[in-house]
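Right after this note come the structures.
One chain, chain A, links the two complexes that follow: it is found with chain B in the first and with chain C in the second.
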Partner chain A sequence: MPGFWRIAPGQQLAARGWNDEFVLYNNLSGDTHLLDGDSTALLAHLQAGPASLEALVATFAGDIDPDDAAALPGTIASLLDQLAGLYLIESLDAPC
Partner chain B sequence: MLTVSALTRKEIAARLAGPGLYLRTGPFTNCIRSDSRFLLDGICQMYGAYAIDESGFADFHLNLHRATGWRRWIRPQVRFDNDGEAPFEPMPANHAFPMLEWMLNWCVSGSANSYLIIHAAVVEKNGRAMVLPAPPGSGKSTLCAALASRGWRLLSDELTLIGLDNHLITPLARPVSLKNASIPVMKAYAPDAQFTVPARDTSKGTVAHLKASDDSVARSAEAARVAWVVFPRYRAGAPLALVPIPPARAFMRVAENAFNYSLTGARGFQALGGVIDGCSSYDFTYSNLDEAIALFDGMAGAPQ
Partner chain C sequence: MANENQHNDAPQQPGVPPQPGVADAVLGARGAARRRFARAGAGATGVLLTLASHPGMACSVNVGPSGYQSAVTAANKGLKVSNAPNNYSAGLPPGRWARSGGWPCGTDIRFGSVFSCSNFNYTIANATLMQHCAGYSTYMGTKARIAQLLAAAHLNVLSGRSPFLTLANLQAIWGEYQRTGQYTPMAGVRAWNAADIVTYLSGTMD
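Our next item is the complex of A and B:
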């Protein structure tokens, strides 16, 4: 399934949020991360199952001003890269 | 309940030299053995109100003995071991009491993992606790000592113990460690308080300890709920400033000041989350202790 993103297998994420900021605990790494609301919403969506960039864009397109829609794929791709850099998610087509 | 002050100096010395003085500090019992008169002086001066545990059980076994051989005579030293393990270099003999305090902190921070342990002072008034996490040199202990001398209950000047299940602070009221310039400041601010003789040229400079109030010691079984997390910073001449910190950022900063956050895992995360949920967090800059205390007294007296 190239181009799909998922939560790392076995990973259980616990989150607490205040206003639009969240702290997130990763049981696999033991790390705690400070995340914004958009990143946390992406993670929450991926906790339900793997999703492609296109599917994520379609999911969140309704949450933004139509004038900003063109920027949404790039923004989500950037957030996914950041979450992958924190080992919170992984790409299914990533090399082992 | 037998307290240290119920024993004569000679009886305390005999316990230290023999089976050990089973000193109760907060939720812990410490079996202390020593032949150091400096340590005996410090215990008699600072720990009179503390209970002696006569059950024969101890959480920690601390041995502080004078070095043998030529070190008995030339620049005498005291060495520490914990259950036979000697993790630190010997120190000058007259540093025995500060050494005991550091070793008590070391024992707790290294093994009391039924708590989330924050490197922070904590005081309480009207049932509301204020946690003061801060790096050395921030004025944390001075502020803590000043609050404790003006009616706030001392829960700890160094180790804040957060219950993993109930998210309450378990008191660990012990002498407040003061360093360098804060010693004369506090002697002037609390002239009736009791201080140890300053130990000079320690690894932290000159160190003296301020005795915890008898009320703080007597109430050491009384847990408290956190109402505020305040990151203090002393800056000469600065106006009083109390700046709110968003809760998620306060969470991360408190976690950075924890000794065992990683070790406690998800339970530590939830405990700290529970604390942050129930409190307000601030960056606090001050230069005048009276102004700081007036501000905090007002917060403690305000309706919840």
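Our next item is the complex of A and C:
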């Protein structure tokens, strides 16, 4: 698992939201994505600056049901992988 | 569309500085953040749908395979997206290598000694990099064309003309293509078919 994640350089994250779903235009790939609110929240947080998985978990841990806390790291890690696969984000220590 | 939850209504225009669309939409209100991951225990949903764009291919590619699709689109939009220094020399195409005297390795190196080949590809494996660059086997079709481009791309890597590529990148392309007829540059994207591979490799050369 990479240490830190950041928004892909040049990614503008132009988005519109309806009912906790967000349509995001990926200006780097030309694709348009429909994202849920959780993944969009991650993007918004990373837009403020790079963050580690641990920091993201800590950020959102206080907002969820304690019963779901154990699953949060895996959930966020899975979302990060999905977003990286779309070139919306990248790991800072990934090879070119 | 009028909607109380709509954000960042102004359409993005090319050349317009980044808009705070996502942050404005999600983190602008603390209450929105509080709803996040309410169903973490149920697993991640994340990306619900992607409407893919398959623009025309770029004539100049200066990123590795995983950044290819981004680079292609960015180039078509007039943007510069690269993980590589801007002052690198462009790669040479096979024909130029075939006529060039400045090889970074021996001209008699066999393709199969660089790119592992199955027994079905014996002819391709046994041809030298020079023979591939000279196009001896182009009658064999797309697979030979890909081998030819890989030979030239390998020389471009060795000579420092393609710093954004590695031999491992090229071997991965050949290995997966040889096995499956396609290549997946990164998770979550459409696999490249033979034509896509040819276009990508061609784009790394003049």
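Criterion: the second predicted complex is superposed on the first by the 94 of 96 C-alpha atoms of A that agree within 3 Å, B and C clash if a C-alpha of one lies under 4 Å from a C-alpha of the other, contacts with A are read in each partner's own complex, and residues count from 1 in each chain.
Please note the rule applied: a residue touches a chain if its C-beta (ideal position, glycine included) is under 8 Å from a C-beta of that chain, and two chains touch if they have at least 3 such contacts.
Computed from a predicted model, the values in this text were never measured in an experiment.
Q: When the two structures are overlaid on chain A, which partner does A:34 contact: first (chain B), second (chain C), both, or neither?
A: Touch partners of A:34: chain B and chain C.
Q: Does chain B (first) or chain C (second) touch A:55, or do both, or does neither?
A: neither
Q: Chain A residues in contact: does chain B have more, or chain C?
A: Partner touching more chain A residues in the overlay: C.
Q: Per the contact definition in the header, classify A:21: touching chain B only (first), chain C only (second), both, or neither.
A: A:21: touches chain B and chain C.
Q: Based on the A-chain superposition described above, do chain B and chain C contact any of the same residues on chain A, and if so which?
A: 14, 16-19, 21-22, 25, 27, 30, 32, 34
Q: Which residues of chain C touch chain A once you look at their complex with the stated criterion?
A: My answer: residues 3, 5-9, 12, 18-23, 25-27, 32-41, 43-53, 55, 63-64, 67, 69-70, 73-74, 76-77, 79, 81, 83-84, 164, 186-189.
Q: Which positions of chain B touch chain A when the two form their complex?
A: Touching chain A from chain B are residues 246-249, 251-252, 255, 261-262, 265-266, 269-270, 273, 276-277.
Q: In the complex formed with chain C, which residues of chain A make contact?
A: Residue list for chain A touching chain C: 8-10, 12-22, 24-25, 27-41, 43-45, 47-48, 60, 63-65, 67-72, 74-76, 78-79, 81-87, 96.
Q: Going by the contact rule at the top, pick out the chain A residues touching chain B in the complex.
A: Touching chain B from chain A are residues 14, 16-19, 21-23, 25, 27, 30, 32, 34.
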